[in-house]
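Notes for the one structure printed next.
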């Protein structure tokens, strides 16, 4: 490899003779059908520096790669050009092949004549010319390439998990049990997410709390987990293996370490009766200014709501809560928001979902007819620890004679969300089953298509069918208080086509339940930007590949778990959370990651120390050596965008693989017209 | 404010009272209107049923004339309002349709470049003139008058943008501004059946019966509407309905007639005598 | 006639071009995307009188059962209130599809006898084509003359009421630019003639 | 100067240089390929990691080397893989546009587009539009009049971040 060292020293291709091998791929007929590959290969032969030029059926196949390796050895090639599919697909393949043959992998350059030529054109002659010109640019460029080495950086073994729903809880525990340090950040006052609000879980009907709360307290007590509730991630810097994260911890006006969760303060609060909307119970009950979301909340620590607390609002209050707290002295009304800076190597994003706002579907009369509920509200109503102690009653405290469950509310609907939310059919069946068990009511399910795909789901559907729940295949058109018959008087009336019967039905109900769909969190876009991820069109976070990399994101070291990636039920969420944890562990246990060498560097003798570049760098990778009065770039922090290179007035900053001379040469040669 | 007034066939025929009450009310609010020169039938629903492209060309003639007049078009009839707006939309959204229509207009020595706004009086009154201005103009508030506001179908759907499609409120607010009491009426936007009253009366009359019955059940003294066909259907067949089903007699008037009354314009000038079910009894004492 | 009517349909009864022909009409392109949820039938105030609900008409039209569709009373009961169109979760313009089917039924002259609506539509069409405007009571009169004398008598009382309240026009209204109108409607007159073909049947 | 008076005979095809960022637009171009979206064959795509890397020198050099149009593609504002490289590109682009029009190069010959990784169809649309526009304008043929230009470019270089001397020498160096 002596000639490499030699090269690196004198910068460009100067001394030793450039010997280029060119390989034009047929990709079966994908390229060959629209590009005359033989002609292209022949054309390349006569270009300066080219020693040999071949066309081959499948360059990416083992024999194809072997061919390159052989030629490097036999013909002393020191540059390789592959014209095939997109470099985003196979660049690493051919770099590795080059490397295996003992040549520095960055002497290989790859160009796409498939995605950018044969697949997008129909004029074979023009397409062949285009391929030649693209190749010409690559050949001219590769001559100027240098030997480069990938930098290795250690992976910080600590992991950040964002969002404390069942997905975040499961990944955090998996990682912590593997002995890794985990920071779990939750925006709410407690972890548990949506699952903590459910009463039972389909299809097994075991109680949500019984499965979830042990995991929640395990998080609380695990020595490897630092739990920050009432907190948000506000800034993320760095790169795979070395993320720098800033977490904002909102004041809860309680010292978490001193509060024992006795709730004496809540009893003692100057507000004798709870009078403020209880978010956890979906506004179906009231809470006091000092409260705990629900009895098994983790951490079991009260929180003070500054918007309603007299002390915090007016400063004037007897502060009976503080008296009640007494010796424990957990109250701290001076508390301000504070920021924590942490270093982690990987991140798992599990920020969850929100349910559709049913106000968007006016014909269902949510917010107009008091007896129209969302499924989540019913989860609370039917929950033993809920506002009615588990008794399903109307606002008039009567047991309903007839309950209607409407599927696909805000799903499969172009006016709201186009997608199927995947969980509504099953949780509607669950609710139907539970309402049957709790009341003597007639229960109706109005569905478009029944989707019970999952282990034990179809069986559960059959069970509910046999329990005598009414199933009407049809999307309810309207929920009105317009009565036509005596039995309809004073009740809600659903108008729907029974599409299997082929006629329209009017069905009176005392309670109507809207099976609202799942959609992305309102701030998903901000989170996406903060972690440098992408979203699919509907706004859920986009996995790198649906089949090959389902929990990865375009940014290395950042993984996805749960419904923030798309609607998911609990079993799928937990499975995905485990997968995300495993991906993180794989990185951590390998111990290091390799960083592409396409970073920027300063040619000291040419730098005038003007500082233009420093403000350009989004990663603060550039500093100024005040002694030498020159710019200095930290290669570990540089991500290789090249913005500083373009900005440098003296042209003294260069970017590996994208030096001005390399890019300009490529530009000029692709512009030379071939015939 | 100045508008090209597009009456449509009904306001010159069975819906005369609408025109008779609309014009003085607009005048009272200093809204200037000029009847669109030699306007033609919008085509309504029947034309679409025979030949879509002809229907669009037909109503495009009105748009072309209006464009020359340079004023926004005021279309009080729901059908006209819908058809004109639909025509605009289709000319714009379907290049093929647009081409055909423009060609046809050219053959007829006309042109339309798409710069016409079609508005409904209710939109103008509630959103442009504003309820406060209207309140100021009220001389004889309709205190104690229980009104069911019936919008019908084509004014709220699908090309109208000035009110909530599922639960329109513009006319309710207007009636309250006049001092009247708006009763709960869940059938506000339920179709009256259009021409079915004449063609398939078993069906048509049933639809009308349901509308009247619900209004009465909710304690309405009077039903107010903004569509000549709705008014005709609800007003003209009440004796047949009485003989078929039961007595749901309720007078049906245009919202502009109630505005006129509240503004203190003499009854005689508001076409109230044209009602087949006389409105006077319901209004007696309240106005 | 036997009380047992065969309900089976054979593939040979499908017109495989039918759906495409309907979808070629502006506004009808989304026919194929229907998920058969029945919202249209649910909101329709007239679906309860239809022999096929609007949803089923979409289903049959898409499958190419042309005769079932064109001879149904559904398309003629549609009063164009557009409720289905605004509520359809797939944004299918069902009202426009109904129009397209009406046009086709008139064109092929296969619509149900005993339903005067096609006749009304045609008479309306012709009156407007001639005069540029309709005079409602004249239209009604012509309609009853062509369809149902009895109805005429039933409605007689109404006529008198209209006369009494001055809502009856004795003269037929028309526009000045009738020549212009003719020119406007001439060029693509193929459909118009087809309308009058429909009339002949 | 009006190039259209020297309208080319029949088969003149414009030559457009595209510089696409690796993460959004280049990926979108791949997507267009995978989705078999047909578009004009006149564009030659060069890849950089970020539109922020695009030195106005690249554009000027492309024109000087016979490009009839230059297209730059980057991520949508706010979506830059490198946080804000595309904003830098936008700033330079604005300056560059003014310069090009001073040089008498019609503004339709230079275009900056935000195209996300999901917008293969936009790649197709933009390339077709631009090809049509440039076709309509006719050949730019700078190399033909390169000498007259050299001076002017040098001056313009100067205006550009005061890059001046180095760039010209550098321009010569690369145009060996």
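Assorted remarks:
Should a chain be cited, it is by its letter among A, B, C and D, assigned in written order, with residues numbered from 1 in that chain.
Convention: a contact is a pair of C-beta atoms (placed from the backbone, for glycine too) under 8 Å apart; a residue touches a chain by one contact, two chains touch by 3 or more.
Here the structure is a predicted model, which is why all the values come from computation and not from measurement.
Counting C-beta pairs in contact, the chain pair with the largest number is B-C. A straight line joining the Cα centres of subunit A and subunit D is 34 Å long.
As a whole-number value, the distance joining the C-alpha centres of subunit A and subunit C reads 52 Å.
Subunit C has its Cα centroid 23 Å from the Cα centroid of subunit B. Within subunit B, contacts with two or more other chains are made by residues 165. Remark: the chains found to touch one another pair up as A-B, A-C, A-D, B-C.
Interface residues of subunit C facing subunit B in the complex, by the touch rule stated above, are 25-27, 45-46, 49, 77, 79-83, 85-86, 95, 99-100, 102-103, 106, 115-118, 120-122, 124-125, 128-129, 132-137, 140, 143, 151, 154-155, 157-158, 161-162, 165-167, 169, 173, 175-177, 180-181, 183-188, 191-192, 195. Across the interface of their complex, subunit A is touched by residues 35-44, 47-48, 52-53, 55-56, 87, 89-91 of subunit C. Across the complex, subunit A is touched by residues 13, 15, 17, 19, 22-23, 26-27, 29-30, 32-34, 36-39, 41, 44-50, 52-58, 61-62, 65-67, 78-79, 81-85, 88, 92, 117-118, 124, 161-163, 166-167, 170, 173-175 of subunit D.
Against subunit C, the residues of subunit B that register as touching in their complex are 9-10, 12-17, 38-41, 43-54, 57-58, 61, 82, 90, 94, 96-97, 100, 103-105, 107-110, 153-154, 157-158, 165, 189-191, 193-196, 198-201, 203, 207, 236-237, 239-240, 273-276. On subunit A, the positions that touch subunit D within their shared complex are 86-89, 112, 114-117, 119-123, 126-127, 130, 133-134, 137, 529, 532, 534, 536-537, 554, 598, 612, 616, 618, 639-643, 645-647, 649-651, 655, 658, 660-661, 663-668, 670-673.
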